[in-house]
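Chain IDs A, B and C follow the sequence of writing; residue 1 opens each chain.
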């Protein structure tokens, strides 16, 4: 099956199955993550107490772990939920927010990756480079894309870890260690709204809940967000900005359909 | 006084008194709960540290407890705040989010109900059936309504617990153990936005802050949300979806007035 | 440099430098705070674990501390981050949400002020009067402004503490202990949306990230929010309310420019 056909199938399956996506995520963008999962057709659940995360992941079709506002309590819950997910064959999607900025984030990301071997890791270039052990000047959670370099980093890291690596930026890069996809949907204004990275990870997680082809799930999640961002941005009139853009972003994900996704996705293989 | 007249009076009182509604709630939808309380005319306060919840509830006209993202720390705060509320005669409104999904949720809901005897409990059919000790296949926090059965469950449970039981779904059901109201406002799209259940509970809590007739408060809260959902949905144009719907939902609650609520409420007694 | 010129310069600098603003804040309005910082041109980061806050503040241009949903864990993080900020010369901006309502809030605000000597403290009249040791009837987190009295309170407290004191209300008051500015932008509807106070503090923090003239930073932050509120309110049509207002508030901050801010700011010196 070609990638476009897969994207179309993935979205149809999400709308048909409404997979339950368990999140252990940050409190900054958690509402956006829940709404974006609902908008695409999935069913979100957020639970982070160590006494219930194993049970909750047992109902789930995917587990999204996002370290944006990690703390000593939730780190243990992430590990506990993640181990249960692995035992049950539930895919784990990691968003290593701000890794490299502090030792706590770097050490936690390392622990999560070593212990859980996530099916997909999505971050910006700075974050993925940190994971790749490369030195990089990190400033908060901003994104600095560099396509040539990025492809090599994604492919190498994916091969080393056995995870799908997804780097989002001007051009998004997805690799499974063998193939590399370059994705050109999206718009700069997405970086002006908090949580668009987290939401992309949640969309990837939602797609991972309906297919074992996690490479196509990552491509579908990122392309969905990029395309919705383009549609939302194109609708803005004079005087409108990130408030209206954010509202329309949810509208656009809600109205996305399999045909549109397959047709408008800007997908290149390297 | 007829129920429609009570609804009208309840809303007038909220706008006149702006009751302070103390929430111990989940971090997913907390912002929406605060804004919906403001939109209807109340005054929200969120505080969950065990060292301050007793004092805070002392200023409050109602206490809303929502277990959506419960943890070991906040469970103790819920109990502590709830006990103080009972001592002071402040009504307690419980939203047992996801009860039945995990032992932690089921045990916590049981503890809260036994200890606090909440004035109102609002949940979806799955959640309320769990409370009623019935076996039910629960999948996350979704809603499966069944009107006939629901009336019996609501009435029986209300009678057993001495609480108002409110089941929201396609048709909403409210019982105090004697009378049963069936409410037909609302629209399916409300289920596509996170937090509409939580917000309904917050609205019920806001109305409980201005009347001792908690049955009419529950009917008012649910009818307000249902009616606002209809108005918001009817305003959607081509290409709009849950982003715009959610924005208009707050607009519609903000613009709700006593006459409209009394006139457009679809209320049947069984 | 005149105050209007400073406001213009401050906004230009924010857009040029995109200062990183570290927040330890409440979970009710944290998403709004992140988005308002992005909207004005800054870069927000939220991190509250004690193991990472010192490192994170090392990357930051300002630290915003908001006690809206304080707990025993985050209070220690606030102190730790704040001490590191002082050591590094990073300005600390305090929002003492609800101080006076509970002993925990009052004691925590006192500890933070004594330990950190914040560069700016922004609150409503009730909160600032509590800090000033004055008796005041506090009801939740509402605002009761009283201009004459307020100027004296602001000036006296600013002088005692060596902090900029900013009181927001119908007329906003900013003092450094010598001069007092009265600000008349804004609209009553801002009080109908949760987080407009928190967001104002975040805007003040963002401006503090680009200038050592914290007095002008406070005036700029408050004037930006007031002016954006006016523009958003003026755009509302029949049937619209706080949902649409909130969306347009972000649009208006996003589209604010230095010339507009300097021209439309309603700034009086006492």
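Here is the rule we use: contacts are C-beta pairs under 8 Å (C-beta built on N, C-alpha and C of every residue); 3 or more make two chains touch, one makes a residue touch a chain.
Molecules present, by chain and UniProt name: A, B, C = Hydroxyethylthiazole kinase.
As the structure is a computational prediction, the values presented were derived from the model and not from experiment.
Enquirer: Do chain A and chain B, two copies of one chain sequence, contact each other through the same residue numbers, with over half in common, or through different ones?
Expert: Chain A and chain B contact each other through largely non-matching residue numbers.
Enquirer: If chain B and chain C share one sequence, what is the angle of the rotation that overlays their CA atoms, in steps of 5 degrees?
Expert: 120
Enquirer: Rounded to the nearest whole Å, what is the centre-to-centre distance of chain A and chain B, using the mean of the C-alpha atoms as each centre?
Expert: Comparing mean C-alpha positions, chain B is 33 Å from chain A.
Enquirer: Touching at least two other chains at once: which residues of chain C meet that condition?
Expert: Touching at least two other chains: 27, 31, 246-247.
Enquirer: For chain B, which residues are in contact with chain C within the complex?
Expert: So the residues of chain B in touch with chain C come to 20, 27, 30-31, 34-35, 38-39, 43-49, 51-52, 55-56, 59, 73, 235, 246-255.
Enquirer: Inside the complex, what are the residues of chain C that reach chain B?
Expert: 26-29, 31-32, 68-72, 98, 101-105, 139-142, 192-195, 239-244, 246-247
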